[in-house]
Amino acid sequence: MLKPLIFVLAAVALIALPHGLSFSQQEILVFLVINILLVTSYRLLTLTGEWSLGHVVIMGVGAYASALVSKELGVNVPVSILLGGITSALLAVLLSFPLFRMKGFYFLIGSFAAGEIIRLIWKRFREPFGGVRGISGIDPMPDFSLGFYSFDFFEPVSYYYFAGFVVMICLWVLWRIEKSPVGLTFHAVHWQDKLAQASGVNLRAYRTLAFAIASGFAGIAGALQGHYVGTVNPNSFDIEVMVFVLTWAIVGGTATFYGPILGCVLLTILNEIVLRELGFEQARPLIYGAIMILSILFLPNGLESIVQKVLPRKAAPSPERKAAA
Amino acid sequence: MTDFLEMRDLTMRFGGLVAVDTLSFKVAHGSIHGLIGPNGAGKTTTFNMISGFYTPTAGQVLLRGEDISGLKMHEVARRGVVRTFQHSTLFAELTVLENALVGTHMPFRPNIFAAIVGWDREDRRGAEARAREALDFFGLGDLVEERAGDLSHGHQRALGMAVAYASHPDVMLLDEPFTGMNPEETRQMMDLMRRLKADGITILLVEHDMQAIMGLCDTITCMSFGKFLAEGGPAEIRHHPAVIEAYLGGARHVA
Amino acid sequence: MMELLAQTGLNAVYAASYISLVAVGLVLIFGVMGVVNFAHGELFMAGAYAIVALYADMHLPFFIAVPIGMLFVGLLGLVMEWGLFRPLKDNPLGGLVASIGFLMILQSLAVMGFGVRMEHIPPVTQEVVRFTDKVGLPVARLYVIVAAVVLLGALWYFLKRTRFGWALRASAQDPEAAALQGISITQTARIAMFIGAALAGVAGALTAPLVSVNPHMGHSVIVTAFIVIIVGGVGSLEGAIVASVVYAFVHTFVTTFWDGVLADIVGLMLMLVVLIVKPTGLFGSADRA
């Protein structure tokens, strides 16, 4: 009885949330929702024990693909977002051939190199990627009305509802995957790849599967962002953004599904709202960097470890400890 | 059904070192077959070649007449040849039940789309039943919620076997299953292996514990310095002059 | 055409010099501490800003400013060792993330102290060593080449001929065995971090008058250094130097004859190919990672 009630209350709170915020905070909220999908998809990849530095570029692939198919081929926007995700997933399958010859630190650096190459290709080829300035004038999500609510997608609140809906579905799918035998196999591949293999698990296939799923959802996140902002360019997907994703995941902790989301939400609030309000404009990266260092020093298992202490429950393994580097 | 599992001229070279040299022997269906030899005889290397962990430099592993040498470990496993590992190779961070569930990967192959939509309830139930069955068989039924890494050494070895058993194997390759067990645990484990045999599972094991080997095996193959030395029943091997020489003389050379 | 080739070759030698200073430091830190220092490009940047402050703003002589800058960046390295890498020595991923945090702090400090705009630094010397009418080597670049040769030579001597160097190499190969031999791991980590950072700092200081100094200049430096240490083999100092030369030549020639973006792509492709074909690099054998 309690559970459905909590869900209803949470839903009402999420629907009401933007109405208490300023316009710029509403915009931040849209990005926050998109970033939650980005970091959650990243966690799926870390389940198999690999840490990529190319995830944000893969997100960009989804953004570019969705922008291009809607602009050049006239595909409807919600459909193009799906196509963007599929493009990212397919590219991940392609990239898995060189990248999965590497593990750990080498995979980290290899994924970084692959991402930088993709970014340089966007920069170099004016047709169709628009070079350094990227693509602008991306088709927005078409407005529509549900009778009781009219969606105007230049309004952040409308886009928040739309993106929130899409992200909720994606999170649900990611959650289902993790709690399924497939998710268990991802854990198995991470913790003892030899024993997993001896149990008949095709390591390559499962690593690729995790990479493709994670990339597909990152691509959807990228496409959602592209159609909101209206432009994409190579610099919106550079290593600095990747650093943010990495920080959300690590500060939040990757042992639980909610850890990275927690990291993303709290750091975004801290970074965008608190520090901005306090007027630390130039010093924001400094404070952010200091927080990263302090949290890795004093909270090595992430914010989720605090939550777990407060709400004692069976903890899933933390992939960080044994992971790369 | 004599040619169930056959090793034919298996050879493994590491650089200049010949670890296993044209080794040939056959494992009969439904038997418990021991592979023994002094330290450094190449037993584990042979094991790794059969299970697909290494690709032999030369020679073949034939399963029901099919050459399985050079296949990847999961491909060998899918043909019914499942191995355990020396030491306690387990998913230490997962629970005992989850460990066994990974073992059911082959009979209940996960399907991601069914998993998302929720059409795999039958499979999940079946996998859990099989996992619990395997755990019960090895006396771990009361420990399902424990973290595998927290188990005692003997229980960890048993769990390693349960993971392999959960996959309904035809052949179990057991790498030193009695290491670190006290006599009581050894005796229980021997009983379990006899029951596995009664289930129709063929067992090939590498072991140092001579008492266990002699009491358990139908056939024993002895190797020394990578080469085939002798083969026969326990009584035959116990009194085989070459085997005695290898163990006594070999100890002096190898140690 | 011959002249263009010769001139491009000289440019490549200059590029190889400062790249190898940065890459060797990165390899040294990775070898001894097992941690990937993402802030290495920002240490280079810090060296360059030391020149902005000491030489351009405070008008100290260039050759006094450079050693001070080198020392300053070396001390930054010690701060990193003490504050980040030592507490996180059992957590390589944590060390990497902490170094990213440090990177952001350094960048932010540069922005706050000097602004985001490019810094103009008066040239140290306008002289050019002329080989022919069209082929010449600016003396400012010659300084970089000479410094690289001298410093890397000194490092080589230090590592191969002194007791400290022996301890450093021993703990890079096997930290536990080294500890059993009575080598202080903390001590060797400190030395490695100081040297590694100081090399990046001196490279930044010497090239400051020749490049555009800005708070984000570290990015391309660290990318280049990564390529070089992967191609050379992670953990191999000799490999890092050879790979620096190879990379500098490839990159400079592709830039001259085609364009810069393509040169970056070629460089990254080179690294990917090495990662695929021989992940331990052209000179690496030990698999540390």
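Every chain is named by a letter (A, B and C) in the order it is written, and numbering of its residues begins at 1.
By our rule, a contact is a pair of C-beta atoms (placed from the backbone, for glycine too) under 8 Å apart; a residue touches a chain by one contact, two chains touch by 3 or more.
Values in this document were obtained by computation on a predicted structure and should not be read as measured data.
Student: Just by CA atoms, which chain is the most central one?
Tutor: Going by the distance between chain centres and the overall C-alpha centre, it is A.
Student: Considering only mean CA positions as chain centres, point out the chain farthest from subunit B.
Tutor: Chain centre farthest from subunit B's centre: C.
Student: Return the distance between the CA-based centres of subunit A and subunit C, expressed in whole Å.
Tutor: Computed from C-alpha means, the inter-chain centre distance equals 33 Å.
Student: Between subunit A and subunit B, what is the gap in Å from one C-alpha centre to the other?
Tutor: The answer is 42 Å.
Student: Compute the distance, rounded to whole Å, between the mean C-alpha positions of subunit B and subunit C.
Tutor: Centre separation, subunit B to subunit C: 51 Å.
Student: Check each residue of subunit C and list the ones that touch at least two other chains.
Tutor: There are none in subunit C.
Student: In the complex formed with subunit B, which residues of subunit A make contact?
Tutor: Those in contact with subunit B are residues 173, 176-177, 180-182, 184-185, 187-188, 191-192, 194-203, 209, 213, 314, 317.
Student: Name, in rising order, each residue of subunit A that touches subunit C in their complex.
Tutor: 51, 98, 101-102, 104-106, 108-110, 112-114, 116-117, 120-121, 123-124, 239, 243, 246-247, 250, 282-286, 288-293, 296-297, 300, 320-321, 323-325
Student: In the complex formed with subunit A, which residues of subunit C make contact?
Tutor: 35-36, 83-84, 87-88, 91-98, 100-105, 107-109, 111-112, 219, 223, 226-227, 230, 234, 259, 261-262, 264-265, 268-269, 271-272, 275-276, 279, 289
Student: Can you tell me which positions in subunit B touch subunit A when the two form their complex?
Tutor: 51, 53, 72-74, 77-78, 82-85, 89-94, 98, 101-103, 105-106, 108, 110-112, 115-116, 118, 120, 123-124, 127, 145, 163-164, 167
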